[in-house]
Amino acid sequence: MEKHNEHKTLNHKSSKEKDQITNRLKRIEGQVRGIQNMVENDRYCVDILVQISAVQAAMKNVALHLLEDHAHHCVADAIKSGDGEQAISELLDVFKKFTKS
Amino acid sequence: MEKHNEHKTLNHKSSKEKDQITNRLKRIEGQVRGIQNMVENDRYCVDILVQISAVQAAMKNVALHLLEDHAHHCVADAIKSGDGEQAISELLDVFKKFTKS
Amino acid sequence: MEKHNEHKTLNHKSSKEKDQITNRLKRIEGQVRGIQNMVENDRYCVDILVQISAVQAAMKNVALHLLEDHAHHCVADAIKSGDGEQAISELLDVFKKFTKS
Amino acid sequence: MEKHNEHKTLNHKSSKEKDQITNRLKRIEGQVRGIQNMVENDRYCVDILVQISAVQAAMKNVALHLLEDHAHHCVADAIKSGDGEQAISELLDVFKKFTKS
């Protein structure tokens, strides 16, 4: 399994699934814009912080969805084709990033 | 200290500070758009997940900056003016949200 | 407010409150011993991991309880006596540790 | 793969590895006892909170070690023997627990 991943793609996703993910990301993008307005309009810090934690929770859910999908497809396929070691290490690296961020 | 906060503002922030925060949020907004493109272009899940954890880390830093500023200004002022109990409870509620999200 | 804290104590806690916290910590200590037995008895990894996350959640609750108590007493007192800056910075440092651990 | 796990064991671990994990858990057990003493001796809250976050970090490292080992052995074996779906879902459930605790 090549170290650099540009040849590996997400093509196990249906376009409907991809639309669902991009729509969630568009909503998050809008939330981030909304937080900018709150800062520009001197809104109370706690109200802004509550919105930021909502964005964090929404992003985490997108990540868990992608992680689940990746594990069931890319990692499982890699293990079946004898490439399991690296795929599992990669999965755990991603997991460690999320327990820190 | 009124429960509903629209009368309380962020006005202890200089416009320079506010610009810094909104610029950071604009960069995050751009990163979220970038992730949408990665999904649309079937980029490898792990690469997308790495970008999502970068957004999470950037948002957390904005939150910590706001939290620090809020504690040193709004909470300290509230305590000095005898309104400390509610200001501290509010601060801890925000803490709890961030240790969950 | 001296940097080193051995002169500052927790004495705003009633002995009843202290007993409650130490009892919770004793239960956590027992849980950690239980996890050792699970490892020694070759229990299934996922069952062990579920127990570890229960210990993490229990420890976090003890921490949030102490944090709340610290903010309402030590930090509030420090602010009233003009030592707010350092007390708030200390509180935020603790908070940052918990969003990482 | 049976839902209830008492037939599945950790037996892919050498006794040396198991000793390493139980020794780390014994150290954590000692740290928790140390925190009890700090509370009983009215030590400063921030010092206690710093010790609690050290226990959290140590427990998380034990968990990551077990998770890595579980993924490379139990999950990989399950996928190779055609039981991948449940093994991966179980792994992701553990992920989710740790991003919340």
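Just so it is clear, A, B, C and D label the chains in written order, and each chain counts residues from 1 on its own.
What we mean here is this: a residue touches a chain if its C-beta (ideal position, glycine included) is under 8 Å from a C-beta of that chain, and two chains touch if they have at least 3 such contacts.
Here's who's who by UniProt: A, B, C, D = Copper-sensing transcriptional repressor CsoR.
All of these numbers come straight from a predicted model, not from anything done at the bench.
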item: Subunit D and subunit A - chains in contact with each; value: none
item: Subunit C-subunit D separation of Cα centroids, rounded to whole Å; value: 19
item: Gap in Å, rounded to a whole number, between the CA centres of subunit C and subunit B; value: 24
item: Gap in Å, rounded to a whole number, between the CA centres of subunit C and subunit A; value: 31
item: Set of subunit C residues in contact with two or more other chains; value: 60, 67, 91, 98, 100
item: Chain contact topology (line, ring, star, complete or other); value: ring
item: Interface residues, subunit B side, partner subunit C - complex; value: 60, 64, 67-68, 71-72, 75-76, 79-80, 84-85, 88-89, 91-92, 95-96, 98-99
item: Subunit B - residues contacting subunit A, complex; value: 5-6, 8-11, 13, 18, 21-22, 25-26, 28-29, 32-33, 35-36, 39-40, 42-50, 52-57, 59-60, 62-63, 66-67, 69-70, 74, 90-91, 94, 97-98, 100-101
